[in-house]
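These notes open a run of structures that come right after.
Heads up, the next two complexes both have subunit A, just with different partners, subunit B and then subunit C.
Let's look at the complex of A and B:
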């Protein structure tokens, strides 16, 4: 099946602040095909977490969606009422956050919490508990049954993240949103969690939206990547394409900056000069133009089009020739 | 010549008082955070201290600057013992050894301006009667911040700018040694390079010596001359950085290097190289601390703590069955 689990079209949203509106996301179009892991990569302020919260409809009160649709399960999430949305969260779309210590309830045992999230199910409490234990087992928790009565503080950071993932998967959601789930972990644990997500995906035919600033983690797990810069999708495509033939100057610079990819040791690491633009006043032209090393006059004046580079690879840049392959 | 020489340093934290330990029947009311750590740092060089959470790398740093008392061992800095008179080193030592803390935004007081923050070391050391404004401008220029940043507050700074303010504070009193705790943690990759390049430039210009504490091996490879790997409080391997990356001797070092995510989707790893987690410091395994997670572990590893053995110039490893 080649359907899209998540289909975001032309999504724009802004935050009202005392200094005026901040245009945090602008005309985002992206999709998560069924059974695929789609990475969203971007630096601080690129809007990647805002995007995740928009899908979950958990944006703070000062956010206003100004255009677009978030297609999921044949409908538009943005048109659902709060009751319908609540029924969806945790059941059909689940989310795992960066810090499991703050996303888990510290005063309830993990077993209680994992039963709580099944509150819509009609199964008996004993059955729900069995389901919780099974989910814990699936994420590699040793002796899962007896762990149910322990509290979050009794687990290590890596185990807590496994619990958060187990909890997200109890209801077998159609879409899992993983927001920087490996960022707070040590590198050996990060490798374990990435491996776990890969295994689970085979297990549940799950579609995952994997949000990270870590190019290495994205490269290890994703099938497709969406590169976000200052609230816009500047490039997206299959993982191998993006990493071996990046077309947008921002993607190229980002990959070039990763010290893990620079094989010879150097004391002069590449950087992207300048700062992320202020999104209160979005200038005409390309959003990356002020920091772009190859910008031409047109880039400051005119918004670049989305250029098709073939094989589902699209870059928003004037310098990508039209009708490439 | 070595600027800093550490011999057999031990740092322990009491986890229970005498009474509680007696009532609870604790055999050992301490946890050992740093055990028998010895190393030297040559003047003008950079040593990277690498380890995962709980490895003792930050405790070691705090002990060196005198923020955490150590139980035994010796620290010789620039030919003398700064702790000769007790657990609190002299002011001169605090001027010579500066610490750059992790997370600069929270290590900067939110109520003070950049000028006050960068000028603070002078005031604390009784040098406030100098022309502070001029000193602050000189330091800001040195770390690549415009002079008008002096009036800003920490919340008006980006992560990279806050880190630069942290660097300016660290170099304010012309230290000889800077201990940088996770100087790039939490920064975007495009900004990481800026900070590392700045540290490299200042080292060349001011002849600084660095100890960089980090868990980011990609940073270590580019930014250090020597690397020491810590596991559960011990240095398990130390040597020239290039050598460690080319031919690691300790199985833990090799696993850490292999665990780095590969930024090339064509070369994905099939599975995690290292399973399990760091054992709790309260239940320190007998013998080699790494043996429960080690694929090469044999009977001697479960019984005897391996001694540090030399393998080539300046390269040591604590392992009964090193990889080469």
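Let's look at the complex of A and C:
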């Protein structure tokens, strides 16, 4: 169980825009150990979805990877040709998207779409259909067989997300990327979907990259968490470590802002002052320094190093003492 | 679905009745007394009066309109003032030539326009895309009779590949088909641009939707994504446009039939109008209006049937 399913090393990429290049991801290093669920958390614009799309190699045309490697199955995804990459998609890496209302094709039936994605399989159409029905059953779809002929618009948002997850599971991928899968759903459905993913986790031998801005969801389901801020990994480690001993000021602020922890007595919403920085010009110092409440002079001038806090917990901050453990 | 169909057909009937009233009154208001035209300027006043009475032209307009509708309901479009042949018969004889011409014209424009639009959406800003932009403007702005004349010059006179005029001998299927190639192309070319543009815009929109990204995330072959996932949706507004195109083609068919001397309904109307042969004009125009009024509900029903989202709401 010590192998890494996904091993991202020093990944940087930028988007070409009319206002100049935007350095959306900078020197990302992170991994998904096999059989584990790794959460990626961060504000909007921190690069979470870009990271997921980079792994799938489905970035829009104006994106350029400038450095790094995405290790998967012993190779580097970035060096694969398009045909080889296409062979992996849906088969060994599957992705579930944020908005279930728009992520399924509106004019093809659920069954057609679930058979379509088995296009590499040699099974008979009837066998593929059975497999699709089985996947639907696994995500808790009642009367799965007869649902295959219905179209996405005939299902509610929560059901559609179950269908999307079922689709992702049909080929039993080694890695499942769940990009904000609960964001578009209301709280009850969110809990159901998270519960479902936890159940399925025992069912599939795969690993999950769980992207969310919702700390509660991350805490429920993940083994490890990676905190992304403005395109940089500022802290990562085992889930219990991060939640009980957050080291980076950004992580602390993020946890303080979690709606689940807000004190109702003061009736005050905690916020992180300021905005995600403009990534056209990346400053020399710590990326979080302009918004950091505990920053010192060094923070503006010098890039903080990754400090090991022990137990696989790493934070990128000047204030974390060296050799903490 | 049934209610929707009834609603659409009801609307078409309303269009048809309105156009009949307008057509009837237009012919009443234009100068020129039909009796005089029939008999010539030297006819006596008595004869004119008799003909006027025979044709019911001295009845109140509302009564004439009533008679007109009454006859229409029995399929009687009146009688040709010159040959005394029933107009319904004349229309029926010429209609097939026009219908097949329109089908071929639509076929040409769809065959060129849809792939061009589709390809230029997928390869945006490529050479083909820019070429399509140019072709669109060109085909929209060049009138079909100009195209027709150049086609005749090149393919019939210089290259001698295709026959110049007529519609071919009855029964000679290959000959009739050869007679259709140029008129159909001249007729359809004007719609290539519209079709290419709308397919391109519609495809660009669909290809940017989330479900296309999902299809890509499952490694589906690009051809399948374009055909089964995108074009299936992008084609829906095109079908409505094709129905509108039939209306446009019905009117441009007049020029094309005149140039290629095809005995179609357009030529029938033009010839009759130049001789003030009112019943024939009326019958011909009514038939074309009816055709168009029929096309729209058929297109709407087709779109509803092809789009499961619309189908379910009916």
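Note that the second predicted complex is superposed on the first by the 323 of 325 C-alpha atoms of A that agree within 3 Å, B and C clash if a C-alpha of one lies under 4 Å from a C-alpha of the other, contacts with A are read in each partner's own complex, and residues count from 1 in each chain.
Going forward, a residue touches a chain if its C-beta (ideal position, glycine included) is under 8 Å from a C-beta of that chain, and two chains touch if they have at least 3 such contacts.
From a predicted model like this one, the values you see are computed outputs, not experimental measurements.
In the three-chain model built by superposing on subunit A, subunit B and subunit C fit together without any clash.
Touch criterion met: A:186 reaches subunit B, while subunit C stays clear of it.
After the chain A superposition, the centres of subunit B and subunit C are separated by 70° when viewed from the C-alpha centre of subunit A, nearest 10. In the superposed model, A:216 makes contact with subunit B only, not with subunit C. Between subunit B and subunit C, it is B that contacts the larger number of residues in subunit A. Of the two partner chains placed around the shared chain by superposition, subunit B is the only one that A:239 touches, whereas subunit C remains out of contact. By the document's definition of touching, of the two partners only subunit B reaches A:270; subunit C does not. In the superposition on chain A, A:103 makes contact with subunit C only, not with subunit B. When the two complexes are overlaid on their common chain A, residue A:95 makes contact with subunit C while staying clear of subunit B. Annotation: superposed on chain A, subunit B and subunit C show a minimal Cα-Cα gap of 7 Å.
By the touch criterion stated above, subunit A contacts subunit B in their complex at residues 43-44, 156-159, 186-192, 194-195, 213-217, 219-220, 222, 239-240, 243-244, 253-255, 257-262, 265-272, 275. Contact residues of subunit C toward subunit A in the complex are 209-211, 213-221, 224, 228-229, 232-233, 306-309, 312.
Interface of subunit B with subunit A (complex): residues 52-53, 158-159, 188-194, 196-197, 200, 215, 217-219, 221-223, 241-242, 255-256, 259-266, 268-269, 271-275, 277. Residues 56, 58, 85-91, 94-95, 97, 99, 102-109, 116-117, 119-120, 151, 153-154, 164, 167 of subunit A touch subunit C in their complex.
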